[in-house]
Every structure is written in C-alpha cells, then in structure tokens.
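Shared chain: subunit A. Partners: subunit B in the first complex, subunit C in the second.
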Partner chain A sequence: MTVVVFAQAAIPRDIGLFEFLFGAEYWTGAGGILTSLWDTVVLCAAVVVVATVVAVPLATALAHHGRGELSVTWIVTLSRAIPTFAVAGLLVPISLRRGLGFEPWPIFIALLLLALPPIYLNTYTAVKDVDRGVVDAARAMGFSERHVLFRVEMALGTAVILAGVRVAAVQVVATEPIRAFLGGDGLGRYVRDGLGQNNDNLLLGGAILVAALAALTGVMFGLAQRLALPAGVRRLARPRTR
Partner chain B sequence: MNRRLLPLLISVLALFALVAAACGSDDDSGGDAEAGGDTDEAAAEEPAPPDGPTIRVRGQDFSESVTIAEVYAQYLAAKGYEIEVLTPAGFRTEAIDGISNGDLDLIIDYIGGALSALAPDAGSSSDPAEIVGIIAPLYQDLGATLLDVSPAVDGDALVVRGDSEAATISDLASIETVFGASAACFERPQCFIGYTDPDIYGIEFADTVTIEFGPLLGEALAAGEVDAVVWNTTAPQIGEQGFKVLDDDMGLHPAQNIAPIVVSSVLDAYGDQLATDLNALSAAITTDDLVAWNIETDINFRESDDVAADWLEEKGLL
Partner chain C sequence: MSVVAQAANPIIRWEWIVDEWDQIQEALIQHLELTILSVSLGALVAALLSAVALRFRPMATPITGFTGFLYTIPSVALFGLLVPYFGLTRTTAVLPLAAYTLLILVTNTLAGFDAVPASVRDAADGMGLTPTQRVIKVELPLALPYIIAGLRIAVVSTVGLVTVASIIGQGGLGRLILDGLRRTFWTPMTIGATLSIVLALVLDGVIYLIGRAATPWAQRARTT
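Up next is the complex of A and B:
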C-alpha cells in the first residue's frame, strides 16, 4: 500500500499568506503548488488547443463562404450565457455513472464551451473584416480561393484571431479552478480547501496563484501575438478584441 | 445586420431577465406570505402573543439543515413570534459567525460538529451531555445560549458500498481504500486526521479525493471512484443505493444531536416562553424524522418549507 503525502493535512490552519506563497514545502511534493500548477496548465492548454482547432477553421470557412454564419454566430453568442459551473456540475454525475470518473471530461467540455465563443467570434470578425478591395485584388491577380483564404484573409486577420485565442486562454485559466469543486484538483484546490476549512490565508493564496497564472497567460499570449505576425502585417494590423 | 438584430437581442435578454426576476420574487413572496399568514392566524388565536425582537433564522446550505431551520421557523411563527427566514448559506462556521456578529438570532446545529468548531482540541465524545458541558459555556462566551438537545441525531458516517468486506472502520486498515470527503474533513481530528492517526484507526488510504458534501458523495461511491466516503447517518441515499455505514468501533465520531442556539439577548427579551417553546419542539423531533425529511427533499425533490409544514401539521404543532 502506498503512503501518500497529503497537502490537505500538511497545510496548517494558522498559515500566513506569505508563508504559504513562498514556503518551499508548499510548492513541492504531492498536492504541492507545482503539481497543482502543472495539472491546471495541462488541462487549460488542451482546452485552448482543441477550441482553436475547432473554432478557427469553422469560423474561417463560414466567414469566407458567407453561408450560415448568422445562425452559427447566434448560437455561439447565446452559448456564452451558459454558466460554465452549471455545465460541469451537470456533466459530473453523468460522467460518474458512465464510469468515466470525475475527470477530465466534464470540466474539459465545460471549459471548451467557454473557450469556443471568443475564438470563433474573433476569427469570424477577422476574416469578414478584411478589406474587400484587397480580396478582390488578390482574386484579380489569379489567387485561387484557397490562397485568398490562407494568404490574404487569414494572414491579415492573424492579429485578431490570436487576440481571440488570448481572451479564451485567460478565461479558461481563470475559470479552471471550479474543477477543484467537482472532484478534481489543480490550483483551485487551495481555494476549495481554504473555503471548506475556513482558512482565509489559504483561500487568498489560492486566489492569488490563479490570478497570477491568468495574468501571465495574457502576457505570454501578447508576446506570442507579436512574434507570430509577419513584420508587414504587424504594421497593418489593428488588433481588436471582442 | 446588426441594426436589425439588436432589438431582437435586447428583447431576448429582457425576456431572460423577466423570467429570472419572476422566479426570484416568486420564492420570496411565497415564503413571506406564508410566514406572515401563519403569524396573523396565530396572533388571532393566542391571547397574548409573545413580544420581542424579530428572530432571524438561517439554515446551513444542505437540505437537512434547511428543513430543520424551516421546522423551527414555522413552529415559532405559528406561536406568534416574529420570524425572518434568511436564504440558507454557508455551513457551521458561517452559522456561528452569524450569531456572534449579530446577523442571526437562532441557529440549529449538530452538537458534535459545534464541538469540533468551537473546541478543536477538546477531543471527541459520544455522550451528548459531555459535549453540551463543553460547548454551552463556549456559546455563552459568544453571547448565545444552547438550549436542550433534541433526541434527533445525524451523526458522521464512514460509508462504503454494500459489497465491501469491511464492517467496522478498523477493517479498512487492511483493505486498499480510496477515501472521499469534503475539504473540512481533512483537517478535523474526528474525521480524516482521526482515521489516519496511528493511535486511533491508523488507516493508510491509497488515495484521497475531495468531494463537495452532498449527493455527489454517493455518485462517486457508486461509480467506484472512491471506496469510502464521509457522509451523515441520515443521508437517504445510504438506504436507497444499498450502501452501508461502517461501525465506529473506536468511538471517534462525536454525538451529533441537533440543538437550537439562540442569541442570549433575544432569549432574555422573550423571557422563559421562547426557551420553553423551543425545548418542546426539539424534544418532539426524532432521528427517523430527519431521515424522512431527507427522503422528501433529496429523493422526492420536495421543497423544504412544504416538508416542514407537513410534518408540523401532522404532529399538531402548527
């Protein structure tokens, strides 16, 4: 039988905020901040990648062909009104009954639904709002439809598309802690344990960690956004977020 | 496109808002009207309605506590007391905070839980009188009075699936077990710390999962995600889903009778009458009543206030 080190029992009731955030013993080991951080980052990365892979092609195709985009855009916009926690909470018992466990499907699907709209809407807007004159000029020069799509519309829209991914990533990171309330772990565990054990410093420390990771995510995507743009487009692009 | 769709969008949102507002006010006005109606009726019948401050009562955020709070509130309202039932929120900590900082006047709590909250180092006891002896003075320090304990008990329970080989908690020491409980359990001596303490049960769990207290515990147990969960003895799912409660052979779990706690100034303002009335009600509630209420609210999904009203009616307490 394995003996597991439990962070829950190891974090003392009267822990100070700085003691928790800067104490090496709380960063390492099972249930430590590093493990929790890794759990959170892996899930969030998977959600953002899948959301991007689903939403960008869909939005691009719809915007490019100009068909059915209205209904899809409406569905996506309305879906933003669905609370992520409710989705995950409803899915957990279903997942348990099907033998799929607490994780990862319920929280993954809920976060995916959170990440899809900003990426979809930004991509859609990015492609749709490319100057029609440029598109027509490209066609006149003999660009195939595929080249118009990839080399003109998507290239010029990159900044806005990436801005959508960035918004989605920050939202996902900031929302992921609900997983700790649904049988999972991740950074939200400190918020959950802080609430459950009436340990305000633990609660606050957990919230600071989550906020810091969300802020860091935003900054990193901002940098990636700059690097990903070709120099010529970088001057042209006026990034907008929706 | 946008100009045409904007009014539609606004009207859809307005519709949502209306529905939401209607639902919210429905609940509120329903509760108020009921409490108010009871008060008026009782006031008309009773020769001398009790005179004193409004008693604010709030259940903790799980169905049994909500129903208990409704039972006490409706009973007092029928006796002519001014009662305000607040939206259930928080757990024990928030309830104790509520009476000590003046937000609440009456809470009904489980004495063993109160013991671990107020005197975490006092150890555990399965004798209600012993626990009362410890917590009554501590409540006095908070400006509140612990009234008579009810015979109704909702104790802690370590629950396993029906096909488990274990019969007692000690048996788990030799069985590979994944343990599930709420966050609060993990730092309580009468809970996780007691189970793992080599001087008490000394169980080495294969893994632990933190699960919000409530029906999710049963879902996780039934699905095999965990092998033992800390629940309460009156959880109706235990019988419904064929789980079994392990015998607490080392006597770790404290006695968990319910008891009302009233802010002392409110109790004094009403004189002996309030204490007498509350003690009479507490004496009438049994453990079987708690289980029956939980079946109504958690299995049949009835509203706590209806369940409370029906029970009071049946017992002739309204």
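Up next is the complex of A and C:
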C-alpha cells in the first residue's frame, strides 16, 4: 500500500505564472491556494502560540530570579543548529507507529523546537536588562513582586519580547513548507508538485507564495510590535527632539 | 498502514545498514561536499562584504541588512526560485546555502573587529605598522575567535539545510530521508536524520579544534 500519495492538483502543465497566482480557480476549492494557506497559517499559529506560552513564563521567571544564565549561552548556539528537516524526519516513523499519522505532530514538534529559542532568549534578555534602578524604585514605591514582574520588568521588555516572537514566527513560516515533503500539504505543496511534475511556473508560483507569506508575517508582526507597546514605553521610545 | 506491516517495519533495521553501506557512504560524502562548497563560497563572499563594511563604515548597516534579508527567505522558496534558471543542479543547491551563511559570518566578523580594543590599534600604529599590516597581523588574529564562532554556527546550520536540498535531487543524507518516506521504510529515514545530526556535531567539533589550534594565545590567557 502506498502511503505517501502526492495529491495531484488539477493544475495544467502549461500554466502561466500569473495565471496560477491570479487565477481565482486556483485559489478556491479543495487543494486550492486558500486551503493550503489556511493549513499553513493554522499550524504556524499553533506553533508560535505554544512556543510563546512555554518560553515567555519560563524565561521571565528565570531572569526575574537571576537564574539560568548558562541556558542562554547554550541556547544561542543551539538555536541556529536545529536541523528541522532531520528532526521531523526522525519523528515521522515514531508518530506513525503510534498511530498518529504523518501529520501534524512530527512537523509541529520540529517547528516548536525552532520557535522556542528566539522567544526564550529575547524574553530572558529583556527582563534581565531592565534598568535595576527602575526595579528598585518600583519596589520602594510599594509594588508587590508580581507587579514588579508584570508592570515593570515585562512591560519595559515588551518590545524585545515581541521581537523574539516575530523572529520565531518568521522562521516557522519560512520552514513550514518542508511539511509538503514529509507527507503533508500546506503552502509548500506547489513547490513540491512543481518539482515533481517538472512544471516551472507552478514551482515559481509556489516559491513566490511561500516567500510572500514569510515576508508578510515579518511585516505584520512588526506592526503588532509597535501597537502592543505600552503607551508609556512608546512615549519613552519616541525620539526626544520631535 | 496495518499493524502487522508496522511491526515488520522497525525504526531501524541493522542489516539494511550493512547491505546498503555504499549508499549511506555516498550520501554522507555528498552531504559533506555540499556543506564544504556552500560554506566556502559563503565565507569568501562574507570576507569581501566584511572588508567593504569595515573599510567604508556607512556600508555596514546596508550590508548586514541585506544578509539579514537573505536569511529570511524560506529555503524551499529559494531552491524553488532558482530551479527554473539553474535546473536541478548543484549550483541551485549551493547558492542559497551559501547565501544563508552570510548573515552569521558577516555579523560575527564585524563584531570581532569591533571588539579589538582601540588601545591595541593605537599601539600597532605607534609601533609603525602600516594599516594593512595592522589589520592582518593585529586585528585579524584578535577577531579570529569571533570569526570561528560564526563559522561553527554557519557549518552546523548548513548541514541541517543540506538535508532540505535533497528536494531538488542533490543527494546527501536528506535523500535517505525522502527515500524512506516514499517507501514508508523507516531505516533510511532514521539513518539519514541521525547521521545529519552527528555530522553537524562532528564538524562543529573539528572547527572548534582548528580554532583552538589557530589561537594558542587564547588558551594561554585562559589558563594563566
């Protein structure tokens, strides 16, 4: 029994690049670009949310208590070295043997490993680097430990923490397309099908979609980063001369 | 897939490794070749870019910005974009892989030169070294630990990305992963994935040792 069925999209061999990218019939329907886009976005969003929920509290707690300094050095080195494709490849057999299927666990875990380090590192540095004078002042003003943590350390670190989430999100979106080569679908499927069917325009179109989504993710998180800054911090961050 | 079939398909079947050793060896060598080619090309370009950025300081920001932009292009997309122009060739694999190494190599090289204390630079000038001599005999050796640290990360991440290059038919350990997947036979997948991780660790260790040998004074400073 063949398990990896590479879904044959109903895309003609002689399709033009613009015809594919702007043709409504290729966006809608099962196997359409919108469905693939949704698959990708849902998986990536889940990965980034889980990574944030895990890494931010952990890094904040450790940095607040001044512990785990060594973890930072380790993670800096590890973060660029995670071979996502190999990790997902190792997990596929395990997942199948447990009856969990090709998707989404192997790719989810592999992407999670990719997303955790930047968020952890930025949160740790953000909380650690908050001016100790400000923290002492907050304590002197009678802030409870919890308020020091949430209203001072995390609030002042918001920009850096969000920058970590952005880096993680962009990397996850940029790496997710390998899922199409590991028995799944998602936006990477057009690159895979283009390669498999020797269809250059489909391949190019797919590559453009993948790159565009990664770029868009970076831009959107950049905007969110600006909007999410606490008003007081935003005022401080604004150049004085204006 | 039925339970019976799964039982006959263990994560790893040791006989296969012995029988298919030639294939494994070939994949390993291809992987190594692609890694070395890509990192060498990347290091060459990074050296040029760093030299420009160091000589003409205002260029530093656009150069690091450009390498940062390259780094964010998804690998699957970059391979895909180049296939129509270079075909399913080694060039299509090496160009993106080299491009991805630029960010870390340039960043670390610049950081290394920036870390040279101004007093050391002044002392070199005071001793009558020409600017070229100063850069080669004083600044470069002092920046070397940073450059090597960047090289280690570049090599390790390239080994990981070479597995992805198997999607454009360039062999390497990723091909074993894809093969195993296509045939739902787990042994090659496990071997390919494990060996690519082992290869990354080994190369990291090798460059670390080369770096140690190249900067004996750093060890002396640490021990005294």
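Heads up, the rule we're going with is that the second predicted complex is superposed on the first by the 218 of 242 C-alpha atoms of A that agree within 3 Å, B and C clash if a C-alpha of one lies under 4 Å from a C-alpha of the other, contacts with A are read in each partner's own complex, and residues count from 1 in each chain.
One rule holds for everything that comes next: a residue touches a chain if its C-beta (ideal position, glycine included) is under 8 Å from a C-beta of that chain, and two chains touch if they have at least 3 such contacts.
All of these numbers come straight from a predicted model, not from anything done at the bench.
Novice: Who does A:L204 touch here: subunit B (first), subunit C (second), both, or neither?
Specialist: After superposition on chain A, A:L204 lies in contact with subunit C alone.
Novice: Quick one: name whichever of subunit B and subunit C touches more residues of subunit A.
Specialist: C
Novice: With both complexes overlaid on chain A, does A:F181 touch subunit B (first), subunit C (second), both or neither?
Specialist: Both subunit B and subunit C are touched by A:F181.
Novice: Once chain A of both complexes is superposed, is A:V170 in touch with subunit B (first), subunit C (second), both, or neither?
Specialist: second
Novice: For A:R189, is the partner it touches subunit B (first), subunit C (second), both, or none of the two (neither)?
Specialist: first
Novice: Return first, second, both or neither, reflecting whether A:R97 touches subunit B, subunit C, both chains, or no partner chain.
Specialist: In the superposition, A:R97 contacts both subunit B and subunit C.
Novice: Contact-wise, after the overlay, does A:A86 reach subunit B, subunit C, both or neither (first, second, both, neither)?
Specialist: Second partner only.
Novice: Considering only the touch criterion stated at the top, classify A:V50 as touching first (subunit B), second (subunit C), both, or neither.
Specialist: Once the two structures are laid over each other on A, A:V50 reaches no partner at all.
Novice: Would you sort A:V72 into first (subunit B), second (subunit C), both or neither based on which partner it touches?
Specialist: A:V72: touches no partner chain.
Novice: Identify the residues of subunit A that lie in both the subunit B contact region and the subunit C contact region.
Specialist: 1, 3-4, 81, 92-93, 96-97, 180-183, 192, 195
Novice: Where on subunit A is subunit C touching in the complex?
Specialist: These residues of subunit A touch subunit C: 1, 3-4, 77, 80-87, 89-90, 92-94, 96-97, 170, 173-175, 177-178, 180-183, 188, 191-192, 194-195, 200, 203-204, 206-208, 210-211, 214-215, 218.
Novice: Name, in rising order, each residue of subunit C that touches subunit A in their complex.
Specialist: Subunit C residues touching subunit A: 1, 5-6, 9, 11, 72-81, 83-84, 104, 153, 156-157, 159-161, 163-164, 167-168, 173-174, 177-178, 180-182, 184, 186, 189-190, 192-194, 196-197, 200, 204.
Novice: Considering the complex alone, what residue numbers of subunit A touch subunit B?
Specialist: Within the complex, subunit A touches subunit B at residues 1-4, 6, 8-9, 13, 70, 81, 92-93, 96-97, 99, 101-102, 180-183, 185, 189, 192-193, 195-198.
Novice: Write out the stretch or stretches of subunit B touching subunit A in their complex.
Specialist: Those in contact with subunit A are residues 1, 16, 93, 176, 182-184, 186-187, 192-193, 196, 204-212, 216, 219-220, 222-225.
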